[in-house]
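Two complexes follow with chain A in common, the first pairing it with chain B and the second with chain C.
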Partner chain A sequence: MKKIDPDKVNVILATDCGSTTTKAILIQKVDGAYRQTHRGEAPSTVEEPFADVTIGVQNSVTEVQELADWRLLDDDGRIIQPATETEGCDLYISTSSAGGGLQMMVAGVIAEMTAASAKRAALGAGAIVMDVIASNDKRRPHEQIQRIRELRPDMILISGGTDGGDTKHVVAIAELIAPAKPQPRFGGAYRMPVIYAGNHDAAPTIENAFDESVDLSIVANLRPVLERENLNPARDAIHDVFLEHVMAHAPGYNRLMEWTDAPIMPTPGAVGNILQTIAEDQGIHAVGVDIGGATTDVFSVFDGTFNRTVSANLGMSYSISNVCAEATLPNILRWVHFDMDERELRNRVKNKMIRPTTIPQSREALIFEQAVAREALRLAYQQHKEFATTLKGVQQQRSVGDTFSQETGGQTIVNNMKLNLLVASGGVLSHAPRMNQTAMLLIDAFQPEGFTTLAKDSIFMMPHLGVTAQVHPKAAMEVFDRDCLIYLGTCVAAKGHGKEGKPCFSYRIEGDTLNESGEIMYGEIKLLPLGLGETAMVTVEPTKMYDMGAGLGKRVKREVKGGTVGLVLDGRGRELRLPEDRATCQRTIKRWIEALDLYPETGSAGA
Partner chain B sequence: MGQAYTPGLKVTNRVTHRCRRILPIKGEVLAKVGDQVEAEQVVARTFMPGDIEPLNLSNLLSMPPGDIIECMLKKEGDRIELDEPLAQTKGIFGLFKNTYKSKYAGVIETISGVTGQVIIRGEPIPVEVKAYLQGTVIEVVPDEGVVIEADVTFVQGIFGIGGETHGTIKMAAVSHEQELTADMITADMKGCIVVGGGRVWHEAITKAINVGAAAVVAGGIDDQDLKEILGYDLGVAITGTEKIGLTIVITEGFGDIAMAERSFNLLRHRQGDFAAVNGATQIRAGVMRPEIVIPLSEEEKAHEAESEHYSGLLEIGRPVRIIRDPYFGLIGEVAALPHEPTPLDSGSKARVLEVKLKSGESVVIPRANVEMIEA
Partner chain C sequence: MRPMSLLKHPFLLALTMGLLITGCSHAPEEEVALTEPTQPPTPANLKATDHPLDKGEKIDLTWDLTEADVELIDVFEIHKAITQVGDVMIEPSFELLEAVPAKDAFRTGGKRGGKFIVDALNRHLTARELKKLDETLAGSDTPFQVGKMVYDSDGEIWDDHPTSPISYVFKIIAVGRVPQPDGEGEADENAADLLLAATQRIEPLRAESAVTDPITPGIQLFDGRLGSLCVIVLIISLSVIYFIIAARSGKPLKIRKIAGLEAVDEAVGRATEMGRSCLFIPGILDMNDIQTIAAMTVLARVSKTAAEYDAKVEVPNCRSLVMTTARETVQAAFLAAGRPDAYNENLIYYVTDDQFGYVAYLQGMMVRDKPAACFYMGAFFAESLILAETGNSIGAIQVAGTAMPAQLPFFVAACDYTLIGEEFFAASAYLSGEPDQLGSLKGQDVGKVIVAIGLLVGAAVATVATITASPAAWDALNFILDKILA
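Showing the complex of A and B:
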């Protein structure tokens, strides 16, 4: 990595090469502070007929230079460095998820322990985990071998055993993988990279188990003792292998790697990086979500512990049919306040799956699509909560008693009452016609409790900032604060249940622009105006059935942030319960839609 | 941004089509450049390493893993037959020896003194690649396969089920709108590519399987019918490996939808000709659509003119199909292309176009929701 003097950096260019689009942003120092000033995008060119990622990069950068009126590419199409008074940039960095991102297979001895730790390391590094092989995964050895042979991963991560402990089981796992000879995705002369991060005593035997058809690297054990994870060496090794092997085989990446001033990161790894940096810097608990066409990524940082999950088949276009299959149509339709023909809907969903680029034209189609999104997000968050448990926490010190409790399954560390910041990104959330819809999708799907600030990533800038944070944290933080997030407002919600129409909590709001007090009934949701940049002091006093952060019936006073949506007072209870009777449910949903003014009549083009 | 549309599917009466037929791992190529190959002809073959069977002899013989090597009657690389003794314990004073007879035949790949595990690799698995396309070999990829070229009539579908097959084109429907029902499937359709018009019904597919048809091609299918045929709800559109008894190609989409007239007429024109069909669909990066490929005879090559190909630009007068509700499946002509983004009923703003439908009605549609079709 090039040595960089942070003080001399005035212009930063960052690109994110996705499967379909390459996005470029320009960060410039304006009045002494770093600001994101321009952005451009162009179709990605990883696949035929171009088969060279740098063409898409150049096209997106060309758009930026035209918009910014600042020359960034020289006559040979190379990025001009360093910046002068009139042209060029001081730092060029990039992330990539093109070609399906980084796909890994992981293995460990015990599914809930070392194999889960290995999965966490792989996910945290930005990979898609294709399968987890473990001694106790209930498959017989020949079934495991068959599975390994079917997969075509980019690399394999093996863990197992604590340092100084028994070597037999982890060697047995390696002995299954070695003869199975998994075929890499890139085929031909590519040597399958295998990272071993298990019991160090077993390393020499592991080395003997594999022949020259694999490229074995041995790193520190990711679970050196049962009570502690040490994921960073494995994550670093994954990033190295990603660059040396996977990226090197992707068309044009060798050239791109020469251009960048820092290693290219997998896009989700970069998003995790920035969220972690922000949570640490501000001392908050945060959740981020990125819902795409095929997958949904959820990132969380609670008490400094970072977790990431990828729900591989929960998405809004390629995977929309799978969302309907997993969530079931009745669960989706409970968010829709009018009758719809189920048979027609099923066909519509399949038609969206086979023609994924279409957009909802009618109000009715939008409401249905957002109902699907609620369920996709709900399922993805549920999977995240099940995965992010105390047992697998990074650097967690436990007592002997805690060690024993590992075998019975741990508690999730995701705590909606502690959650301070919920960040949304991905088409259906960031391109919703009204920001109120984005806010309501987040509230319905994630069901935050107590006081939670809601925001969206304005132009999906988090990957760029994640990689920037590695080389210039100050610039990344400043841009994140000022330009990356668009604050939607704050949700104040009570946990618990009571009787419909009975008092849930009383509130008093004191601020420059908003001064109000009143009472929220159970089942009610209310939106109050509190604009961008505005704050207010909110005091809530729940009735004895409800908790808003300080315990049942205890008063809470907090400062809240306004935003493009405002302040949402939510007395609908947690977990959210929707009436089972279809007609009652429709009436309830209609009331909530009206309270947040989600779908006003427009009378525009289309049906 | 004249290209802000979904490019339509390829439907052409004559095109020079190439297909790569490559082995999954290196092997032997059986054809050479210039060879005329038939669809069923094997053009490349290889052997995959056989399946492996792990045996934990330490457990099976109740002894420490470290002692296994001494007990082995075979060494690494040796061949072992079914029921042949593989290992024997030392016993007590040479008595009470315990022998393990192999349950698998193959070659001993590894013997581990750490885990006590022995791995036996079974017989190599032959892998063959057939030509699929009847045509001429124009390139040999050494040790991997061939590229075959032929002049063909080519019809791409939107979605399919099942893999490669071939047969004679047989029209079951008389018009592009006629639904394909069970009574239209007859015994003489055995081995044929059966072409319907509009929606194909579940019962029709079941009957086609029963009479031994190779494939069914139709305009639409109902999601519920597909679910019943497959036995599960399809989550993502990655298909091709289903084994339901035939291959299905849907040309337009889900629901009651007629086949595009042009596709239907092309297939009708080719009735009785031999065709290769592949239902494999993959709608992700590197999109793959199902196809019907009908090689032309020498005589046809002389007569058939190549289709007119459009530049791919959306322009006034260009025929388009609407691919999203509320006008899903309707066909019309581009009547106007307003430049500025227009508010939709959903509340979003998007680039739109005005389409004059066949009925004479004009509708405004987001550009993302139309695909271009050939007249």
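Showing the complex of A and C:
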């Protein structure tokens, strides 16, 4: 990686090579601040007949240079560097998720301990984890070998044992993988990369266990003691192997790597990186979600701990059938405020699966798709909560006061009450016809508590900014604040339950454009106008059954951000409970839809 | 009130004279307001019947009594006499059993009249009764039995012979009210005191009932006093049956998470990752202690997990019988996990019966081998804190389970997880998840809820009765004590 002087960087070009499209953005210094100025998009060219990723990159960059009237490519189609008064860029960086991204298999001794840490390392590096092999995964050795042979991962990460701890089991895992001879996904000629990040005492034995058919890298133990994770060496090794092996064998990537000023990152890894940077910089707890056609990625940063999960079977097109199967149709239909024919819905789901690029053509179809999205997001977030936990196998410190409140290790660290920022991206969220719908999808699926700012990634710029943050954090932060996020507003929600129609909390809002006070009843949701860039001081006083961040019945005063949607006061309680009776549920949902003005022509929609 | 004639009542005349002599300067100018003792009505229709649903220790006495009678009667004296013990007939000799206030007798009997339940008839004979029996049996060598006591001329001998029937007769004497002086308007305190003293010397009038027929209390099949207990047992039993049926039919029974049992996997996992052993200590009592039996249930789970994880479980014992049971348990667990080959009986061994010898060995072993997970399950005494502190100092995950209240605080403070009393005993159902066991656990919880409600209600009633002295509250409290708690 070449050395960069951040002060001399005025123009940054960033691309994200996806499976279907390659997106390029141009970041320029405007009035002393970095701004995202132009964006271009072109079909990806990883597959035949082009089989060269750089063609797509050139096409997208060409669009940018035309829009910006700023020359970025020379006559040979190479990126012009460095920038001058009229052309070129100082920094070119790229991410890639082409060809399904980075696919890994991980292994560890105990599924909930070192194997879980290995999975966290892989997911954090932007990989998709195909399977986790562990001594206690209840599979017989021959079943494990069979599974390893079936998978064709890009690389394997082995962990297990604390430093100076167990060697027997981790060596046994290596001895399962070695004879299984897993084949890499790309390039039959290249050796399967295996990263070992386990007990250092076992490293020599591990080396002996593998022959020349694998390319073994040994890095520091990712769980040197059970009380602490050390994931960075393993993540760095994954990035290195990704570049050296996976990217090097993907079509055109060798050339692309020569162009870039920083290592190419897997797209999800870059998204995680920018979220982590923002959370650290602003001292906030953040959650990001990217809902795609086949998978849903959830990122979170709580108390400085970054976690990412990929829900491989939860998506809005290829995986929509699975969402319906997992969530069940009644659970999806509870979000729909009119009767729908179940047979027709099933047809709708299957059509979406076989024609993934279709978009809803009617209001009913849109409402149904957003109902599915709510459930997909809810399930993905639930999986994320189960994965983002404190470490297991750690000694607890107790006092006599803990007699009746003993908690096991492995409790989720995701705390909706602490959540400050919720960022949405992905088709169904980004391209919802109304911003109100995006906000309501987020509120219903994630059920934020207390005060939570809602935002969406305007043009899915987070991957670009994630990789930018590695080389120029200032530019990344400035663009993230000004251009990346579209603030939808703030959700103020009470945790707890009471009786329908009884007071939930009272509020007083003091701002330049909004001055209001009142009371929210249980089961009520209210939208108040608070525009983009505006702020207001909100004081809420919940009744004794509810908590809004300071404890039951305690008053909270916070400054809130406005947005394209406004300020949402949510008195529906947490966790959200919908009436079981279908007719009552429909009436309730209709009331909420009207309160947020989600589908303006609802009255004529036959509801 | 009608004034009395002093001439008709010499003692009142004497009293008046005395008052005149001792304090003529303070003598009341008007006549002393004393009344005649009331003549109580004779108790009629006295009947003695065997008290129903008891174990032959009570007799019900009932007689006619109206509210108007209560105004005239102060107390009823209950007199009892034995007429027959076994085959021996005895001349009745009445003695006072108890003096019952007329109001109480009326309240107990309600509309039926007076009622009194004679208690504890055949438990013991009084000294007087024994003397009477001695006189009756004078010159006879035949011993006689009362309850489980065999009496002979030398004294009492314990025996298990069945109760000899004893027949009783009763009579009651109604004692009339004594006239009370009208103290109001008495200017002189001394005079009032004298009047009171004089009144206390007035003999009340009495009316004696007829003697009842002889009655022999019999033992019934069911003890009515335990009726409420029967209801509670029925509720709990039906709850257990209901929950077992519900569990068998697939209805999910929610049982709260017990952190100590959930943590078994975590503790064994830690031992596996660290390449160290798990130490299981099954208390220091023998197999006849219920806590040791519960410990074996947890040991089975720990061993099964260890077998699945391929970890080592070491079980030092201080009772040989516990060692044998532990070996069987661990072997069965390894077999259930499909790893009988991994079972090593040498890891389950006997150390010593001596409490502190055993503890000293364990402490030394823990410091030397540094097991990654320590389980203390069973009955522990002074050694609890020694073991738990040692385990804590070597950084082990520690899970304790005991029903010894005195040791629980030590375990809670020094261990990672502690199974407290009932949780420990519920481990079997919790770990197995079998419908029968879960159902019975839930059913027992219903019993605990009933007991908890009873405690709260009892405490509340007792508090109210003490503070307000309300008769209704005291009646309720007596009902709880006599009828429910029996």
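The working rule: the second predicted complex is superposed on the first by the 582 of 607 C-alpha atoms of A that agree within 3 Å, B and C clash if a C-alpha of one lies under 4 Å from a C-alpha of the other, contacts with A are read in each partner's own complex, and residues count from 1 in each chain.
Just so it is clear, a residue touches a chain if its C-beta (ideal position, glycine included) is under 8 Å from a C-beta of that chain, and two chains touch if they have at least 3 such contacts.
Note that this is a predicted model, so its numbers are computed, not measured.
By the touch criterion stated above, A:19 is placed in contact with chain B alone, chain C being left untouched. Of the two partner chains placed around the shared chain by superposition, chain C is the only one that A:160 touches, whereas chain B remains out of contact.
Touch counts on chain A: comparing chain C and chain B, the chain ahead is B.
In the superposition on chain A, contact of A:226 is made with chain C only, not with chain B.
In the superposition on chain A, contact of A:354 is made with chain B only, not with chain C.
By the touch criterion stated above, A:179 is placed in contact with chain B alone, chain C being left untouched. Once the two complexes are overlaid on chain A, the chain A residues touched by chain B in the first and by chain C in the second are 167-169.
Of all residues in chain B, only 6, 24-25, 49, 51-54, 65, 109-110, 112, 114-115, 117, 119, 121, 158-159, 222-224, 226, 233-237, 253-255, 281, 283-286, 323-328, 342-350, 352, 364-366, 368-369, 371 touch chain A in the complex they form.
Residues 109-110, 112-114, 135-136, 138, 160-162, 164-169, 223, 226, 392-396, 398-400, 402-403, 406-410 of chain A are the ones touching chain C in the complex. Only residues 257, 259-260, 262-263, 265-267, 269-270, 272-276, 308-310, 392, 395-397, 408-409, 412-418, 420 of chain C touch chain A when the two sit together in their complex. For chain A in complex with chain B, the residues that touch the partner chain are 19-20, 46-47, 98-100, 141-142, 145-146, 167-169, 171-172, 175-176, 178-181, 183, 187, 205, 209, 294, 313, 318-319, 321-322, 324-326, 343-344, 346-363, 365-366, 431, 433-434, 599-600, 602-607.
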